[in-house]
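Each of the next two complexes has subunit A plus one more chain, namely subunit B in the first and subunit C in the second.
Entry: the complex of A and B
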């Protein structure tokens, strides 16, 4: 059986006294494309850094392609691509020097893909030979993505990859992600705050809240079943099936967020509203 | 070329390029020029075998200097947490290369020392420990402090120093000592290159504070509030002195640099005077004076690294440039900045020189020896011209590069004077000093003119 690209079990991480990840269990299956959502400071970057072994965890275990982080083989590491939130390129090198540098380190390197991406993403001869520190934030981000895709990774971890890109750059990146990566069967985990991007590329979403994956599933299924149920406390007093969150308004009415539809749609005095991704995000991560 | 050799080559080049685009050229040309110069000079004076020994020692010394100050700091920059953890074999190759270069340089030094009859047996182990110690401290590995202990050798009593020298001279002790020093190398180098984890992130922050233009000074993090207070209290005075205002765009680091230079100099003066009570220094005044002078003039290097500090405050420089007190004409603006920077450098130089002379005086130097000491101070003057340049276009160098450049400029006049002294039969310093002064005047004149003709200096590096 092919091992899962990511298996996290009981992972905990604290910064000082603040728990960022709290006994988190998560598994990403081969070929799955998961959008990781969470509020600012929820720990998305920390989760990604912990799952790649860039930070030590305080507890739990992480396996990448079935191998523990402390014993990743070179062959497994060559299967992983990572785009950090802040592009961590060697700013004193030119774009070409940086790509040559990493090419020397990887057993496989897709020169044709690199050349094609450089051309399509506007890296002309001048830009390719410019020190990276003199490129704009968006250009550096694009270069960081090219670097991560160049060795045809089987697992691609992207931490807010489109945050510095303009709309045209974002569209181009997303189409590359869909055509050149996702359709090749690559497993992708990416975090973003741009929900429209997520809806375009990620069949699955996971919500990170209070250090755990609060909700995960296929995006379409989640959106089909997500409802906001508003009604009097006398009717909505008991916990509803699939209840995610409950709050009480000033007028005494109760608002319940449920997942999996609600049978109360025809109940007098009860209003059932479908939720969009943005509403779901706000409600789940509140 | 095998894939592994190709990776070593790539890592070597990438590490050096981080310090300066031409760091490798400077390194190899320095090795060739200095090795040939020292070998021919020493060969002519002490014989061919000694000359060969000196050649090996010089190239090994320069390699170790490069290893400590350029290659390893550059390699640390390559080893980001993501690369260390995810790029196949990168960290392993870095560790291997760092070890190989160090061992090769140490081997070269050991071979060279064997050919120099008068060489102290302690040079090799002390160099091994010193290079490892400096590197580990640079990387923020506190345990490296233990390796710095040999630097305190001069502070031991004569009896202890003699005992150590005799012990090291015993047959078999040197190889044993060298082997013992090789043992900690692997764990030390592995500690320098962590593979992700919190310690790695902490090290990155430490390195960023030390060398990244955007970071604040590592040494003066907790003292920033004092600099703000100082800035506010001097604001009124600053209005009348545009040059001072421009220089304050260097940020609080420069002020604390001056402060630390002053306090460091005073402490060194006190410590050396206390240590020299009696006759220890007076007995061997000339070599000791040179050591004192060299030690004191280390304080000068931060003065020539002003452009390095300048690169840290680009944001503030835009505001300073817009301030009404700043001249609108680039030539006037640059001239004002050049004057302020030169004056600042001269103040540090004068202070370091004065302390150096006082130390010599306290150690019993009189008459001509004091004059020599003053001459030694003068040969370092050309380095001050480094602060004058086209700041808008010039790339930012690493601080080490400024130190190396200053050292190189300081060495020109003594090296030329060596040949002059041999030919004319005059004392070396009597030739070196006028050469240094003329060189300083030429460099300052030329670079001043270039700086004044350049575009507006602030914000620095914008046209790089």
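Entry: the complex of A and C
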């Protein structure tokens, strides 16, 4: 069996006295495209940095393609691509110098893809030869994506890759993800706050909350089964099947978020509503 | 077959695959997609709408299971013969009922919103009649 690209077991990470990752277990299987969701400060970037070995963990184990992080072979390292949320490295180099520098480090480098992406994403002669620090935030982000895709990685980790892109740039990035990456069977993990982007490309979502993966599943299944059930406390007193959370309104009515659908749709006095991804995000991460 | 046949609204409570399924059903029932007509390829639809190809193939797969589409070797997905919408004679009434059933989810949403706004049924029906009469 092919080992999972990512397997994390009991991973812990503290900043001072604050636990960011708390005994976190997570597995991403080959070819999965997973959207990582969580509130600001939930630790999405930390999780990504820890799983890539860019940050020391306080405990637990991480296997990438079946190899422990501390003993990762160069061959496996070369199978991984990463787009950090903000890259401030190599700012003195020009785009072309930086790409050449990275090309020398990888056994595999797709020159045709790099040339085509530079062309399509507006890197004309002038821009290719400007120091990176003089590029705009969006341009730097596009360059960082090109760098991460250039060696045709088998595992691509993207930390808010579209945060600095305008809507046209985002769409163009998503197209490349759909056509150049997902079609190739690449395993992708990416975090974003733009939930409509996520819905377009990620069949699976994982919610990071309180230092753990609180909920993971197929997005379609979650959306198909997510319901907001509102009714009097007398009817909704006991825990419902698939209950995620509940709250009480001032007028005494109870609002329960469930997954897996609700059989209460025909109960008098009870309202059952479907939830969109944004509502689901708010309810699960609250 | 043009891929701009479909449009999606991400972010709604209807998952994208279901939006695609509903659209194909409506186009077939309404006769815009005739029996034997070829559907655009999964890859073309995925590219055109910028969605994961898995989502498109899931929608096509479900439509195949329902008998709306047929997988034809070398051609891809085509509209199934017996999926014809408006037929002649006795079939026509059943076909109209099928088409009306397709409107139900949209109307259910409207009904829910009407209840939330505490509108009485007569007002809502009058408004809907008015909308039906407006030219598109």
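Here is the rule we go by: the second predicted complex is superposed on the first by the 284 of 286 C-alpha atoms of A that agree within 3 Å, B and C clash if a C-alpha of one lies under 4 Å from a C-alpha of the other, contacts with A are read in each partner's own complex, and residues count from 1 in each chain.
Throughout what follows, contacts are C-beta pairs under 8 Å (C-beta built on N, C-alpha and C of every residue); 3 or more make two chains touch, one makes a residue touch a chain.
Keep in mind that what you see is a predicted model, and the values were worked out from it rather than measured.
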Superposition on subunit A - do subunit B and subunit C clash or fit: fit
Angle at subunit A between subunit B and subunit C, C-alpha centres, nearest 10 degrees: 150
Partner chain in contact with A:149 - subunit B first, subunit C second, else both or neither: neither
Contacts of A:164 with subunit B and subunit C, given as first, second, both or neither: neither
Partner chain(s) touched by A:101 [first = subunit B, second = subunit C, both, neither]: first
Touching partner for A:134 - first (subunit B), second (subunit C), both, neither: first
First, second, both or neither for A:93, with subunit B first and subunit C second: first
First, second, both or neither for A:56, with subunit B first and subunit C second: first
First (subunit B), second (subunit C), both or neither touched by A:77: first
Partner chain(s) touched by A:195 [first = subunit B, second = subunit C, both, neither]: second
Shortest span in Å between Cα atoms of subunit B and of subunit C, once chain A is used as the common reference: 27
Footprint overlap on subunit A, comparing subunit B with subunit C: none
In the complex, subunit C residues that touch subunit A: 10-18, 43, 46-47, 49-55, 58, 112
Residues of subunit A touching subunit C in the complex: 33, 171, 174-175, 178-179, 182-183, 195-197, 199-203, 219-220, 223-224, 226, 271, 273-279
Interface residues, subunit B side, partner subunit A - complex: 3, 6-7, 10, 14, 17-18, 21, 77-78, 80-83, 85-90, 93, 195-198, 200-201, 464
Subunit A - residues contacting subunit B, complex: 49, 52-56, 72, 74-75, 77-78, 80, 82, 84, 88, 90, 92-93, 97, 100-102, 104-107, 134
